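Each of the two complexes below includes subunit A, the first together with subunit B, the second together with subunit C.
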Partner chain A sequence: MSVLDLPTLTRILRENAGADESVDLSGDILDIPFPELGYDSLALLQAIGVIQRDFGVELDDDAASAETPREFLTVVNGGEQPSAESV
Partner chain B sequence: MTAVVTGIGVAAPNGLGTDAYWRATLAGRGGLRPLTRFDASSYPSRVAGEIPDFEAAEHLPSRLLPQTDRMTRLALFAAEGAIADAGLRPEELPRYGAGVVTAASGGGVEFGQRELQALWSQGKDHVSAYQSFAWFYAVNSGQISIRHGLRGPSGVLVTEQAGGIDALGHARRHIRRGTPVVVSGGVDGALCPWGWAPQIATGLLSTAADPDRAYLPFASDAGGYVPGEGGAILVLEDDEQARARGARRYGEVAGYAATLDPAPDSGRPPGLLRTARLALDDAGIGSDEVDVVFADGAAVPELDRIESDALTELFGPYGVPVTVPKSMTGRLFGGAALDIATALLAIRDGLIPPTAPVDAPAAEHRIDLVTGAPRPARLRTALVLARGYGGFNSALVLRGCNDTTDSEETAR
Partner chain C sequence: MDADTGLRPPRPVALLLPGQGSQYPNMARGLYGRVPAFTEPFEEVLGLLGPLGEQALADWLAERPAVDLDHVSRAQPLIFAVDYALARMLTAWGLRPAAFVGHSAGEAVAAVLAGVMALPDAVRLLAERVELIADAPPGGMLAVAANPAQLAPYLTAEVVVGAVNGPQQVLLAGPDPQLEQVAQRLRAAGHTCMRARATSGFHSPSLAECCRRALPGFAGVRLAPPETPVFSGRTGGELDPGSACDPVFWAMQPAEPVLFAPALDALLSRGPHLLVEAGPGQGLTALARRHREVASGRSAVAPLLGTRARQPEADRLDVLRAVRVLVEEGHPVQPLGLDDLAPAAARA
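Let's turn to the complex of A and B:
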């Protein structure tokens, strides 16, 4: 499957759940909890729906309970930690 | 315990924001137009009160856009306006000191239709996660509550086009039980095929193509009503608190009543007259103390007759000025909350807006219908009537506070 990187995830979140004006999504956010980034569980569900649709993948239920972008990307990429290049 | 209105926020087809709306309404400038939101060419009714100039992104944070129907965006706009107008800082209130009670009829039907179409045509992966609440009829109360941190007693009333009055009536109950602030009113809209079809099915919609002739309450050529989108959100507040913080008070919710019509074949009379009487009783006043009536104005001949009979019975023939400014916005699914706002503005300025574009009531309606131009009058007490499809009748008595005396004197 295609490997989802952080810029793609933030783009999907931004396009499908908006962006909190007080948060810089282009910064180092890998380990910042989603609520602090302005995204609740529904925003994640919405992103998961889009990723499944656009990337043609079936995501594990664990993706919805990921607490940070790093955890989310790790689940989506089948256990592979997000590498420096993907960030 | 007295409940007063301290803030007004309006989103209406003939004006976005309270001032724009009130200016247009006094000028008799309506907002009914041929429908543009969807292709209505195959429908028998093709005129609506659309709000033409609302760009949600200019008014709301981007986080709220993917999760809101248009009617919720309009409600959030109106709520923000009402809270700002009241000079209220919710964060300074007790944790559970402010609630939200709104009226709804349709909910986010435009959002809902889009997502259901996606479900049927493309599959479940194409349905927004926000569909889980965005089309829910209680969503406006929820979104207003979340955005402004209003954690007190909250709810939603669903009594079709009478709902705005019932919401204010219920908000007053919360004030009396000790919640100092309740954000209330109603903003709704259903200008999409899914929202349009059931209204056509009632048989009460106008089929006139000319927006200036489509919604004519009490006129001899009244031929049904035109639906509109938008409404008003009001801040209702405990009078003692309002005085203590020096808030401007538009008026008091002095009386409220609601009834349900008897079954059509019961032989018993419709409930509107009784509702008006009950609301006056609740306010502790006689009909002679009412200075103006904001009528329901269904523009369906039989329903207009029921209302003008009730008004004649209560006030005598031509006994009180009557107006239906919703003729300029269409009837709103948020249920007459805008009429409450309009009545308070009329009391403030000592001006009764006209029932534009109606020229004169039909001779059979023996009521003093205000038409043509706004009528200056010393206004202290207003009666607002509304009916909702299915037999809902609601009435609200509004009484100006002393704060408004200066403008009343000016108007004289």
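Let's turn to the complex of A and C:
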């Protein structure tokens, strides 16, 4: 069973980026590189901290080097590719 | 194209030039020897660096570099060469940038592109600087997801704010082990921290003594007011002619904080721009993407390279993708040396 889906990831990213930064994360963003969505590896590391705390999971910091939401979700979900319905 | 976008004049292009910390193994390697407009200026920079350039080139090409690419003697020459060559590649293809924004070492590239400093002078001073910084105390930079006010209680005389990158992103800089001690305190307090790729405390007092020793070199070169606007991380605004012509300004720049967020604010407050990151990685793209002017769509950002080395064609495909953005915007850019990629890019 997957731990994290795309809507939850985008919510966490948005909440952590700060209130005055309203990057549009709607639409098909699974394969868009994180920097082009406005998130660098520090932002991902921050998201990893939140996910560990809120979901009670241990994550490798390697997830912070994921290039796209698809890669990130696959690492977080233990290799399971994000499915169409989780998007 | 609909009528609205067809009538809009192209937004002027500002090049974002990244600095220390942006390097990664094999950065831009897919352009070297394949795209003449990149290869020629790249080799020009490394050629001007003499033996240092030869060593940097050898380590850039090596599977196991003799000296780590994050070391100042490799990172600084290679970042300069990649930034400069990417910018020159775009101008050779017909682009006329309206402004330059340099981050850290990228600011020296901006100075050359804007006509403040001649390339041979800038490169000679870079070689001198690398030698001087090799004597600086070992240290580094630490990215923290916080604002400067939140970090104030953790700062010391040695560990300072080295860069203000965004509203919630600061780079601390200083010598080790002091920097690592601050990192531990920050982590214990729940802050997210990440070491940046640097082996010296750039933009902190750690480098002040080396910078002072570089001053005679800067005092001996011709400095001119910018011919194209430069938005400076050193001042956080448009570079004025007085600062541009001041050798102390340039000599001390690596020991002073980088005010990237204010510099970007100043640029974007002049009106919508198309920002193009001309250097390794997409660090400045990510910062710009979060800026309200870009998030709103009034301005836009496109990186020339990816975030890490991938298959050999990836660099050229990434550049082609950025060229498409420029062409769609209405800038006449002819990407010579990428012509054969069109079918592959159309599939991508």
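Here, the second predicted complex is superposed on the first by the 79 of 87 C-alpha atoms of A that agree within 3 Å, B and C clash if a C-alpha of one lies under 4 Å from a C-alpha of the other, contacts with A are read in each partner's own complex, and residues count from 1 in each chain.
Operating definition for what follows: a residue touches a chain if its C-beta (ideal position, glycine included) is under 8 Å from a C-beta of that chain, and two chains touch if they have at least 3 such contacts.
Quick caveat: nothing in here was measured; it's all calculated off a predicted structure.
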Look at the residues of subunit A and decide whether subunit B or subunit C touches more of them.
C
Could you say whether A:E67 touches subunit B, subunit C, both of them, or neither, answering first, second, both or neither?
second
With both complexes superposed on chain A, which partner does A:F34 reach: first (subunit B), second (subunit C), both or neither?
second
In the superposed arrangement, does A:Q81 touch subunit B (first), subunit C (second), both or neither?
neither
Between subunit B (first) and subunit C (second), which does A:L45 come into contact with in this model arrangement: first, second, both, or neither?
both
Where on subunit A do the contacts with subunit B and the contacts with subunit C coincide?
16-18, 20-21, 38, 42-43, 45-46, 49
Can you name the residues of subunit A that touch subunit B in the complex?
14, 16-21, 38, 42-43, 45-46, 49, 52-53
Which residues of subunit A touch subunit C in their complex?
16-18, 20-24, 33-43, 45-46, 49, 64-65, 67
Contacts from subunit C onto subunit A in the complex sit at residues 143-145, 167-169, 192, 194, 281-283, 285-287, 289-292, 295-296, 301, 303, 306-308
So, in the complex, the side of subunit B touching subunit A is made of residues 61-67, 125-130, 132
